[in-house]
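Multiple structures are listed underneath, in C-alpha cells.
The same subunit A turns up in both complexes below, where it pairs with subunit B and then with subunit C.
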Partner chain A sequence: MLRLKNGRIYDPAHGVDGEVRDLYIEDGRVVAAPGPDARIDRDINLAGRVVMGGAIDLHTHIGGGKLNIARALLPEDHRQDPVPTSGGMHAGCGHAAPSTWTTGYRYAEMGYTACFEPAMQPINARHTHLEMGDTPMVDKGAYAMLGSDDFFLRMLASGADQRLINDYVGWTLDASQAMAIKVVNPGGISAFKFNARSLNLDEAHPYYRVTPRQVVQALARAVHDLGVAHPLHVHASNLGVPGNADTTLATMAAAEGLPIHLTHIQFHSYGTEGERKFSSEAERIADAINRMSNVSADVGQVLFGQTVTVSGDSMKQYGNHRHASPDKWVVMDIECDAGCGVVPFKYRDKNFVNALQWAIGLELFLRVSDPWRIFLTTDHPNGAPFTSYPHLIRLLMDKRFRDSKLDEINAEAAAHSQLRSLDREYSLYEIAIMTRAAPARSLGLTDRGHLGQGAAADIVVYRDDADREAMFAKPEYVFKDGQLIVRDGKVVNVVNGALHVVKPEYDKGIEKPLKDYFDRYMTVRMENVRISDDEVCTCGASKLIPHVCKGRAT
Partner chain B sequence: MTTLSLRAVPNGRVDMTGVLPETLAERSADDIAKQIVHLAGSPLMLGDLFEVDVDETDMLVIRTDSDRLDCLGKGMNTGNVRIEGPAGHYAAQGMRGGELDIHGDAGDGAANGMTGGLLRIRGNAGDWLGAALIGDRTGMAGGVVAVEGNVGDRLGDRMRRGLILVRGQAGDACGARLLAGTLVVAGGCGTLPGAGLRRGSLILGRRPESIPLSFNDSGRVDLSYLGLLHRHAESFLPGLLPASTQAQRYMGDLAFGGKGEILVLA
Partner chain C sequence: MRLERPACPRASRLFSIPDPGQATIAGLPISLDEACRSAAIILSGSRRPLIGGLGCDVTGHRAALSLAEKLGGVVDHMHGRAQFRNVQAFQDGGWVTTTLSEVRNRADLIVLAGTDASRYPRFFERCLAPASQFGELTRKVVVLGDPLLSIPDMDGVSVSSIPIDAGHLGELFAVMRARLAGIPPRATDVAGVSIGQIEALLADMRAARYGVLVWNAAELDFPHADLTIQSAVNLVKDLNQATRWSGLPLGGDDGGTSAAQTCTWQTGYPLRTAYEIAGPRYEPLLFDSDRLLKTGEVDALVWISAFDPERTPPAADCPTVVLGRADMRFVQAPDVFIPVAVPGVQHAGFLHRMDAVVALPLTAPAPSSLPSVAQVLAIIQRETNHAAA
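What follows is the complex of A and B.
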C-alpha cells in the first residue's frame, strides 16, 4: 500500500477544496484509510503540495488520418523539434503534430492521464485505434463522426424513423469502438462536395434537402436515447466566420433541451461589428451557456505561434487555405463518410483577428460562470499545441499576467476586447473542476477525475508555485493506476493506458440495410469496417474499458 | 580554436548537430567535452567520443577516420571548419555561412537546404548533394559547393539558387527538377541530366551519352556570362572551366516550361 501524506487535496467531485489529508493507494485504486496496523510499503510526504486527480483532455486531435497528413505535410515541424530516445522512451519529434509516442509522454509530463480524440471517422477507425494504441502513458477514447455520411443523410432525407437512426448511431459506436458521437459542420462536409461553400443551420442541403438543424436534432436525440453519457459533441456550422455567433446560439436552441456539447466554441463566437467587421460575441455566447443547463462547451483557446489546423470540416478548411502558413494545405474526401482538411497556420499576436481570437477565448473562460460546463482545451493542435496548457492556466489564474499579455497584442484588438474589465481569476479548485472532475462527469468516467474511494489512482502532485505556468508544466509526481510514471516533469516509467468505449444497446437488424449499402456503394465490406473487442485490444492499449449505456425509451 | 580527434570508430552513427565554431568559441576544453551529441539516437558527451584540444587558431578541426559523423556543419552561420577525414551524411545541411572544408569524402545529402557559405569537398560526394531537405519542396538556395572528386545521383535536385562546381563525374539525374541556380559538372554525367529542369543552367564539361528528348538543341551559342563564371570558378576550383565562352545549348525541360538549359562545353 502506498500512502501520500499530508497533501493538499483538490477533489471537486467530492467537494474537497484544499483539504490536507492522506491518500491511500492499493492495486491501482484509491482506498479508504486502513487501520493503524496496515502495512504501508511506501510513504511519500507531500506537505505543502497540491494534489489532484489526473487531468482529462476531452477534445484533442491525437489520432486518425488527419494527423498523419499533417505530419507528412510539415517536415519542418518535425525537424525543428526532435526528441531523442531516453530511458525506455521512443525517440520522436514534432511541435504542432508530434509523433504518437512524444504526444503520450508530453501529456503525462503535464499531469494528463486521459485524452479523447474527437474526430474519428468510422471508416478510419482502425487507423485511429492503431495510432491511439501507439500513444503511451494516457487512457484514450474516440468520438465517432457522423452527420455528413451518405447513409445517415439518406435516412434523414427519406424521413426514417428515429429508432432506425438510433440503431445506426448505436451500430456506429459499437463497430468503431467509440466513446461518443461528434458531428462536424452538420451536413456541411457533404454539401461541400455538392459545391456549397457554406451551409447555414436552416439551409437545405443542395442534394439531400435536409438541414443542419435536422441533423443535430436527430443525432442529439439518438445519443440521448441510447444513453451515451457524453452529449452530442457538436462542431457547429460556420466555423470561423464573422457573425457566426447567431448560428451558434441557434444550434444551442436547436437541441431543444437535450444535452449538447459545443466544441471549440471560441471559433464560433464572432460578431461583425467594428471597422473590420470582426468582433467578439463572447458575452452573448457565455450568457447563453450560463442560462442553458443542457449546454456544455470547450473553448478551443488560440495561443500565439506556429501550429497546424486539422479538421473534418473540409468546407471551412477549404475556405481557410489561403491563410496557410507555410503555404501548403490538404483538403480531401474520405470515402463519402466525411472530409478532412489540414492547413498549417501561424497565430500572430500583432494580427488584429488572431489577437481578438485570443481575447475571445479568454473572455469565454472568464464569463462562463459554471466551470462544470466549460472545459480547458486549445482544440489541439488547431488553436495551439496542447503543450501550451500550463501557459493557458496561468492566463486564467493570474489577472496581472493576463493584462501584461494583453498589453503585448495588437492594440486595436486589445481596445476592442472587454478582457481587461474581467477581474475573475480561476482558483485551483475551479481548475481542478474544468480539467478533471467535469470532463470525467461529462464522459461518464465514474472512476476517473476524482480521488474518492474506488477511483482509479490517476493522481498528480504539484509544487505550489505562484507561477502557475511553471507549476502545471512540471508536476512533481504523476501516478497512473497507482504506478509512478512521472517524477519532476520527466517520464520515469512507460505505461500504455487503456481504451474507453461505450457499449450501447441497439437493434442488430440495422446491419441488413447497412450490409446492402456497403456492398453496393462502399470500397470496404461492412464486416471489415467493424472492429471487434479482440482486435481493438491488439492495437496497443493496455486494456479495453467498456462503459455500459443505460438506454432511454423513446 | 579547437581540435576534436575521434578516439575510436563509434558503434553507430553520430549526430554532430551543434558542434560548430559559433557554439564552441571561447569555451574551455572541459566545457566543450560536456557538449551533448547523439550516438545512434541516444545522447552522450562530446568528450566520450573525441579528444578535445583548445588552441589559439580560429579554426575548428575535426580529425576522423570514420565516415559515421553525420550533420557536420549543420546550420553553420560563420567561422571555419576543417574535417580531416571523411564526413558522414548531411554535411553542411542548412548551412547559412562560413566555410566547411572536408579533406575526404562526404556521404549523402550534403549541402541539403544550404543557403549560404562555402562547402569544399576534396574527395567524392554521395547522392542528393545540394538537394532539398527531406520533405521540403526546394533544395539548396544559396552559397557555393566545390567538389574535387565525383558525386552520386540526383546532384542539385530541386536546387533553387547558388552554385555547385564538380570537377569529376556526376551520377544519374543530375540537375533533376532544378528550379534555378548554376550547376557545373566538368567530368560529365550519367543518364537523364536535367530531367524536369525548370530554369537555371546545367553546364557539362563533356557531352553526356544522351540528352533527354524533352530538350531542344538550340545550336552553338556564345554566352559572355560563361567568361564571368570561368573567372568566378577559378577561385574555388582552378582549371575547372575553359576560358572559351562557346557552348552547345539545349533548351528544356520542355515538359516543364522549357526555360532552363543544358550547356555542353566540349
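What follows is the complex of A and C.
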C-alpha cells in the first residue's frame, strides 16, 4: 500500500477544496484509510503540495487520418523539436503535430492521464485505433463523427423513424469502438461535396433538403435515447465566420433542452461590429451558457505561434486555405462518410483578428460562471498545441500576468476587448473542476477525475508555485492506475493506458439495410468497417474499458 | 483457398499459398532460430542498416520501425521512389483528394493523367459502375497519354483520349491553369495538343459536377515527375474555386500506404527517415534505398517482402537479410533468408487501402506455421541484445 501524506487535496467531485489529507493507494485504486496495523509499503510526504486527480482532455486531436496528414505535411515543424530515444521511450517529434509516442509522454508529463480524440470518422476508425494504440501513458477514447455521412442523411431525408436513427447511431458507436458522437458542420461536409460553400442552420442541404438543425436534433435525441453519457458533441455551422455567434446561439436553442456540448466555442463567438467587421460576442455566448443548464462547452483557446488546424470541416477549411502559413493545405472528401481539411496556421499577437480571437477565448473562460460546464482546451492543435496548457492556466489564474500579455497584443484588438475589465482569477479548485471532475462527469467516467474511495489512482502532485505556468508544466509526481509514471515533469515509467468505449443497446436489425447500402454503393464491405472488441485490443491499447449505457425509452 | 473473384491476376498471384519454405544462410538450410541469430549478428555489427522493402502489414511495420530505432537504421519502402514523387508535391503545397467510394458515387468526369489504370481492373469495376446512390451516372473518362491504354468497355462510361507524352503533362496543366486565370494562350499547341483541344477539355472540366484527376506516381517515371504531380494538384485546387474537383493518387502496392502511415504517426515523417542520436532525421532525397546502397551509406540491408515473391532485394554490396514469402527465389542467395507468413493469407493484421483512409482487417484463411514478419523481427531484435553483449 502506498500512502501520500499531508497533501493539499483538490477533489471537487467530493467538494474537497484544499484540505490536508492522506491518500491510500492499493492495486491501482484509491482506498479508505486502513487501520493502524496496516502495512504501508511506501510513504511519500506531500506537505505543502497540491494534489489533484489526473487531468482529462475531452477534446484533443491526438490521432486519426487527418492528424497523420498534418504530420506528413509539416516536416519543417518537426525539425524544430526532434525527440530522441531515451530510457524506454521511443523517438519521435513534438510541437504542432507530434508523433503518437511523444503525444503520450508529454501529456503525462503535464499531469494528464486521459485524452479523447473528438473526430474519429467511422470509416477511418481502425486507423485511429492503431494510432491511439501507439499513444502511450494516457487512457484514450474517441468520438465517432456523424451528420454528413450519406447513410444518415438518406435516413433523415426519407423521414426515418427516430428509433431507426438511434439504432444506426448505436451501431456506429459499437462498430467504431467510440465513446461519444460528434457532429461537425452538420450536413455541411456533405453539402461541400455538392459544391455548397456554406450551410446555415436552417438552410436546406443542396441534395437532401434537410437542414443542419434537423441533423443536430436527430443526433442529440439519439445520443440521449441511447443513454450515452457525453452529450452530442457539436462543432457548429459557420466556424470562424464573422457574425457566427447568432448561429451558435441558435444551435444551442435547437437542442430544445436536450444535453448538448458545443466544442471550441471560441471559434463560434464572433460578431461583425467595428471597422473591420470582426468583434467579440463572448458576452452573449457566455450569458447563454450561464442561462442554459443543458449546454456545456469547451473553449478552443487560441495562443500565439505556429500551429496547424485539422478539422473534419472540409467546407470551412477549404474556405480558410488562403490563410495557410506556410502556404500549403490539404482538403479531402472521405468515403461518403465525411471529409477533412488541414491548414497550417500561425497566430500572431500583432494581428488584429488573431489577437481578438485570443481575447475572446479568455473572455469566455472568465464569463462562464459554472466551471462544471466549460472545459479547458485549445482544440489541440487548432488553437495551439496542448503543451501550452500550463501557460493558459496561468492566464486564467493570474490577472496581472493576463493584463501584461494583453499589453503586448494588437492595440486595436486590446481596445476592442473587455478582457481588462474582467477581474476573475480561477482558483485551484476551479481548475481541478474544469480539467478533472467536470470532464469525467461529462464523459461518464465514474472512477476517474476524482480521488474518492474506489477511484482509479490517477493522481497528480504539484509544487505550489506562484508561477502557475511553471507549476502546471512540471508536476512533481504523476501516478497512473497507482503506478508512478512521472517524476519532476519527466516520464520515469512507460505504461500504455486503456481504451474507453460505450456499449449502447440497439437493434442489430439495422445491419440489414446497412449491409445492403454498403454492398450497393460502397467500395468496402460493412463487415470490414465493424471492429470487434478482440480486434480493437490488438490495435495496441492495454485494455478495453466498456461503459454501459442506460437507454432511455423513446 | 478460393478467391471470390479470381479474374484479377494480381490477386490470384498474391493470394496463392506458398509451401512453407526453408530458412537459409548463404543458400544452405538452417533453423529459424539460427537464421535469426545470424541476422542479429550481422545487424549488431552494422553502423547504419537499411530496413527496406517493407512489404508487409501494419504489425510488420511497427516491428520494422522498432528494430530500426534500436539499430539506428534507415527506413524506406520498395516503392519509395514513386511514393516520394507524391510526398514531395504534397509537402510543398498540399492537395485536394478524394477516396474510392466518393468516386463511385459522385464522379462524372474522370481524367486519367498518364496512368494505365487498367492495371487496376477493380478500379473501373468498383468505382466507375453506373449505379450510384445519387442516381445513374453518365461518366466521361478522358485519358491523357498513350491512346493504347486499355480501358474495359463499361455501360454509361464514354472514353476519349488525348495523346500526350507523360513528360509533358506538367506543361499541359500549367497552360490550363493559365487559361483558368484568364491569361490568353501564346502558343498554338502544348506538346502536340492544340489550344482548341485544351480549351474544350477545360470547358468539360469546369462543367463537371464532381471531377477526379487520377494519376499513379509509379508510372510517372521520369526526372522531376514530382513537379508534374504538383502541377496536376494545383490545377485541381484552381478548379475548386468554381466546382468540385479532387485528385486520386493510385498506388500503395506492397503495403506502401501502411508503411508510410505507420512511420508518420510514430516519427512524424512518411519514411526515408533515419533514427539518429538526436531523434528521427528525415531526408527524402538522400535516404532513397537505391542511392544508399549504391553509395555505401548503409552497411547492411534488411529486405522485407511478405506479399510478393517477385519483389526480391536490390543488388547490394553489404550483408543482406531477407524476410520474404516462402516461394521467393534468388539469383544469388542472400546472407540470410527467412521465410515468413503472408499477411491476410497466413496471418491476421491490418492493411491500409491506397487512399489511406480505410485500414482493412486482414484475416488468416490459411494459417501457417511460418512466423509473421513482426514475429521474426521481434526475435532478431531480442537476439541483437545478446549479439551486442
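The criterion applied here is as follows: the second predicted complex is superposed on the first by the 554 of 554 C-alpha atoms of A that agree within 3 Å, B and C clash if a C-alpha of one lies under 4 Å from a C-alpha of the other, contacts with A are read in each partner's own complex, and residues count from 1 in each chain.
The rule is short, and it goes like this: a residue touches a chain if its C-beta (ideal position, glycine included) is under 8 Å from a C-beta of that chain, and two chains touch if they have at least 3 such contacts.
What you are looking at is a predicted structure, and each value in this text was computed from that prediction instead of being measured.
Novice: So, A:Val342: does it touch subunit B (first), subunit C (second), both, or neither?
Specialist: Second partner only, subunit C.
Novice: Classify the contacts of A:Ala97 with the two partner chains as first (subunit B alone), second (subunit C alone), both, or neither.
Specialist: So A:Ala97 only meets subunit C here.
Novice: Return first, second, both or neither, reflecting whether A:Pro75 touches subunit B, subunit C, both chains, or no partner chain.
Specialist: Both partners, subunit B and subunit C.
Novice: Which partner does A:Arg520 reach: the first (subunit B), the second (subunit C), both, or neither?
Specialist: After superposing on A, A:Arg520 lies in contact with subunit C but is clear of subunit B.
Novice: Given the touch rule stated above, what does A:Lys193 touch, subunit B (first), subunit C (second), both, or neither?
Specialist: Touch partner of A:Lys193: subunit C, not subunit B.
Novice: A:Pro84 in the overlay: touching subunit B, subunit C, both, or neither? Say first, second, both or neither.
Specialist: In the superposition, A:Pro84 contacts both subunit B and subunit C.
Novice: More residues of subunit A are touched by which partner: subunit B or subunit C?
Specialist: It is C that touches the greater number of subunit A residues.
Novice: Counting contacts the way the document defines them, which residues of subunit A are shared by the two interfaces, the one with subunit B and the one with subunit C?
Specialist: 72, 74-75, 78-79, 84-85, 91, 328.
Novice: Write out the stretch or stretches of subunit A touching subunit C in their complex.
Specialist: Touch residues, subunit A against subunit C: 63, 65, 67-68, 71-75, 78-79, 82-85, 90-93, 97-101, 121, 123-124, 126-127, 130-131, 134, 150, 154, 192-195, 207, 318, 324, 327-337, 342, 517, 520-524, 528, 531, 535, 538-539.
Novice: Of all residues in subunit C, which touch subunit A in the complex?
Specialist: Against subunit A, subunit C makes touches at 58, 62, 69, 87, 90-102, 104-106, 126-127, 131-134, 209-210, 240, 243-244, 246, 260-262, 264-270, 275, 277-282, 348, 350, 352-353, 355-361.
Novice: What does subunit A use to touch subunit B in their complex?
Specialist: It comes out as residues 72, 74-76, 78-79, 84-86, 91, 328.
Novice: List the residues on subunit B that touch subunit A in their complex, please.
Specialist: The contact residues of subunit B facing subunit A are 38, 41-43, 133-137.
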